[in-house]
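Sharing a structure, written as structure tokens. Questions coming.
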Amino acid sequence: MIAAFYLISVVLIVSAVLAVSLRNLIYCTLCASVVFISSAALFFLLKADFIGVVQILIYVGAVATLLLFAVMLTKNLVSRQYYVGQKRKWSYGIFTASAVLWVLIGSIRSQTNLAELVTADHQLSVVSLGKEMLTAFLLPFEVASLLLTAAMIGGIVIALEEKKKSS
Amino acid sequence: MTNTIETQTRPSLSTQQLEVSIGPQHPSTHGVFRMNVVLDGETIVKLKPVMGYLHRNHEQLAENMSWLGSMPYTDRLDYFCSMTNNIAYALAVEKLMGIDVPERAQYIRVIMAELTRLVNHTALVGFLLNDLGAFFTPVLYAFREREKILDLFESVAGSRMMCNYMRFGGVKLDLPDGFVDCAKAIVDNYPPFLEEMERLLTKNEILMARCQNVGILLKDLAVNASVTGPVLRASGVNYDIRKIDKYGIYDRFDFKVPLGTVGDVYDRYYVRILEMRESLKILRQAFKELSAGPVISQKGLIAAKSPRNMKVPAGDAYGRIEAPKGELGFYIVSEGGTKPYRYHVRAPSFINLTILEDMCLGHKVADAIIILGSIDIVLGEVDR
Amino acid sequence: MLDPRFRGSDIKECMENLDQIFVQAKRTVMNLAESVLPQPLVLLVSMLISIGVIAAIGPVIMMYLTWLERKVVGRIQNRIGPNRVGKFGLLQPIADGIKMLTKEDIVPEGADHILHFLSPVLVVVPALLVLGLLPWGRNMAAVDLQVGLLLFFAITSTGTLSIFLGAWGSRNKFSLLGALRAVAQLISYEIPQVFSAVVVIMHTQTISIVEIVNAQPGFNWFVFTPWGFTGLVLFYIASVAECNRTPFDLPEAESEIVAGFHTEYSGMKFALFYMAEFLQVFSLSALAAALFLGGWQGPFLPSWIWFFLKTYGLIFIMLWFRGTFPRLRVDQLMGFAWKFLLPMSMINIVVVGIWTYASPIVAWVLGILIIAISFGVLAKLNTRYHIERNRKFILAE
Amino acid sequence: MWGTGVLKGMAVTIKNFFDTYTSKNGIFTVEYPEKRLPEKERFRNFPILVYDEKPEELRCVACDICAKECPPKCITIVKAKDAQGKPLKQPEVFDIDFTVCMNCGICEETCPFDAIYMDHEFELAEYDRMDALIYKKERLSRPWTHFEKIRPTDAKEINERRAKDATKTAAAVKPAPPQASNQQT
């Protein structure tokens, strides 16, 4: 188990770095989808397979395609001249990354007892997840759905405005 | 990435226009024909047809060849209906030479013309469905019927598609004895085939959704662009040369001219099926009235025996017939020699093609392909 | 060395043995492996057996699906279909395979080599991966996951990305158009597909495919309920669109955009795209059979024979579609998904809701009523503008 | 109802599917090399030269009419000469370029000596375009019996016509030979 964990996290970190630093944007989106898949693999390792599957479905299925669409449809974003003038400052990058990491670890450590959580091999069943979501966490569930409808309406408005103008 | 044309600035999403050349080498352009299309997304903004890839210098060739010498070349004009090309050319020369055509030859010409119309419209319905995406099934049903009629042509003229059967003043050879009842059998079991095609296609929701209100051709645009044939009649203009000129013996047959109302791809498809039904009516009457007699007039026979010293009196003539694709006309000028001075073919598909852009603007790429298919062009005739 | 006692047993018991024949075969191999290899390696061997079998069956299924398609569509068109290579043209797929291998593999000059190479691989991987989740017979599912069905949809949705990359990598306008159409179509048909599968999940309260199939013993398959039948029809239409088959084959519309996203592919890469399409046809038909037609459940024959019978029945319908229908246009395709399939599948969920709580008679009547009315209303709405049923033509003089 | 047109269409195709198994004329394809379609009598493919008895004495008298008449001009003829250089009524060279000939049949019509006819042979594939497809006199000549076999009715008419012409010319020639005989000393 541990060997698998380390292997996956190495893949995750390497593709994350590549996703940021590659020149050709299409390869970046490819590496981004590798990041999503390896994070889903991590979830599988933690036996939270429902979350892992949803992770693949949402991120690789939709978000990666969205990224690719964005890259592809904007005008000649792919060609080289974007990277000429920019000085690539690694120092800023490392500083912000370590700051964010420190905050994250601090918050996780303070709340729960990490060791107990990992070894507990309770099987997260989908049914319990469903019940939990519609009872204890009903409010966040409703807020999220509101957000989703707002986003959809926004998309339709833009499309309608586009159609009205061209027809 | 693509040599794009800058669009006029639009405040909201200024999108890039894509210029695609649906080029000479494309699965559904009915031969070597190219459309330079400027696309905004999928809708067509500009369309420029490019022709001439199949130009074989037909009219220049005819000028230094004997009058009968260019008859086999007229088969290659519209290679789907070689018989009607021959008839149109023979009609023009007979008008100039003043040869009369005996009774039996006139009937044979009507039979051959109507059989060619069946062949052409059946093949067209098949190819139109092929452009719509049906995976070769309607084409193969259509070709199954077309093969039977081509076998008839082979038994009469010697070759299935390159018939070279008409001569000035009649036809080359008389009908072989088994021909008439074999043709009657084919004509009788054509209606069941048409029913089967109609059951498969006409009420098919996908076909209706794809073809109705697509590529609408208005009446006055059609008349101004001198479009002829089923494309014109689908827009509702009653113009059929068999009824207007009454050339040959078409006044003896009673048949109707089907007209469409809206003038879109669906009308052009269905008008052709109705025309096939009318041709079947004509064929039945022609088989009944076919009389015995000579097949070629005496002057014509002499001319056919030695075409190289057949002289045509000076002057010019324009012979036109209702070919399956429209008005096919031959304009010939003679100086009294054995070779035509000027020889021009009025090809229906070439002229019907000029309005392709007006019909396609605003439609999707998929519609442009079926609008081109519904006009029914053959590149041999367009480029000559 | 026929065992004398065997002659006495009746047909039913023989069928039972036949049914479990593969399971016993694996068990014997496992016992052999246990006696020889150390413990972790045994787990590896058991995995290797199922993976090896599926990896072998996948391409063979694909090859003989191409053969079946050419024969069926040929017969629809009154011709015979391939019969020269081998007895009934049975060696034709092998001939095609060799032809594909020997064909030169052209990479267009401006193309992006890495993407051009990567995308056929990325397309085939999900198609093969998914075969593991399917219940081929009684306890013959390679992987029995608790979230089997959801993983199935997750994996098939990754295929969209690779089709897009392939088309983008081949630097060709036609494949670009094909890619745009492919992504739009695959994403907008995924939603009705998942919604029509939700119906079955609601009824059986589980997402694992094996349990869904176990919930349909003997002959009471889900298709014999009103919501089951509409669910099957909707799911099947959506999966026809998912594998880009007629009448939804716009991404590779040969009459409009030459060959859509795989215009620039030749040789083995094209064969991989082809294999992905046919494996998806097989896996989606198998899933439709598992969800609605009771997978391998069947009264008499061994379980895996039922599985193949039902799957090839559904595949025959897809080939029948291919031989009959013209193609939809892009906007009609989208309209059909969003304005017809999606509302119908949502109504179908309502019907299942009623079905679980109302008494059987009320549920049946109400279910059929709701479905009929909604189908009529939606059909009326969808065809109000542009389909003129019978148009009048004048037969002038 | 919305879907009926589509379903009717599917009914047609499935009927055709089962027709191929059940009804006799369901299958339309003729499996070519094994089974062949009956040949039509008037089918015309590439021309052939006809001789009565010996291949040396072709009916063709090298009058060059067909070469002049042929629209694509693919026939070349050279008149034969005997030892003293006097032109003989036989072609020494008669070749047709099969890549140019479009088998239109005009040469058959205009030949006054019934020497050239269109053949039924269509399996003429070659490996070399230049000299293999330019047919020399030897490859073109066929016996008259071959013609009678492939086109019986036409052959019958032609034989009658030739027999009638032969009797007419024979009648015209009879009064002439008495004077001719005494000159041949």
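For reference, chains read A, B, C and D in written order, and residue numbers begin at 1 within each chain.
One rule holds in what follows: a contact is a pair of C-beta atoms (placed from the backbone, for glycine too) under 8 Å apart; a residue touches a chain by one contact, two chains touch by 3 or more.
Quick caveat, the model's predicted, so the values are computed rather than measured.
**Student:** Could you compare the number of C-beta pairs in contact for C-D with that for A-C and name the larger?
**Tutor:** A-C
**Student:** So, comparing C-alpha centroids, which chain is the farthest one from chain D?
**Tutor:** A
**Student:** Using Cα averages as centroids, what's the distance between chain C and chain D in whole Å?
**Tutor:** 58
**Student:** Compute the distance, rounded to whole Å, between the mean C-alpha positions of chain A and chain B.
**Tutor:** Distance between chain centres, rounded to whole Å: 61 Å.
**Student:** CA centre of chain A versus CA centre of chain D: separation in Å?
**Tutor:** 78
**Student:** With centres defined as the mean C-alpha position, give me the chain A-chain C separation in Å.
**Tutor:** Each chain's C-alpha centroid was found; their separation is 29 Å.
**Student:** List, in ascending order, every residue of chain C touching at least 2 other chains.
**Tutor:** As it turns out, chain C has residues touching two or more other chains at 76-79, 323-325, 383.
**Student:** For chain D, write out the residues touching at least two other chains, lowest number first.
**Tutor:** 2-3, 6, 9, 12-13, 16, 28
**Student:** Do you know which chain B residues sit against two or more other chains?
**Tutor:** 1, 137, 140-141, 144, 200, 203-206, 208
**Student:** Touching residues of chain A toward chain C in the complex: what are they?
**Tutor:** 24, 26-27, 30, 33, 49-50, 53-54, 56-57, 60-62, 64-65, 68-69, 72, 123, 125-127
**Student:** Hey, which residues of chain C end up touching chain D in the complex?
**Tutor:** Listed in rising order, the residues of chain C that touch chain D are 72, 75-80, 320-321, 323-325, 375-376, 379, 382-383.
**Student:** Would you tell me which residues of chain C are touching chain A in their complex?
**Tutor:** 112, 114-115, 118, 145-147, 150-151, 153-155, 157-158, 160-161, 164-165, 168-169, 183, 187, 190, 205, 207
**Student:** Could you please specify the touching residues of chain B with respect to chain C in the complex?
**Tutor:** 1-2, 18, 20, 26-28, 39, 42, 129-137, 140-141, 144, 200, 203-210, 212-213, 236, 238, 243, 256-262, 266-267, 270-271, 274, 364-367, 369
**Student:** Note which residues of chain B are touching chain D in the complex, please.
**Tutor:** 65-66, 68-73, 137, 140-141, 144, 147, 151, 154-159, 162, 164, 172-173, 176, 196, 199-206, 208, 304-308
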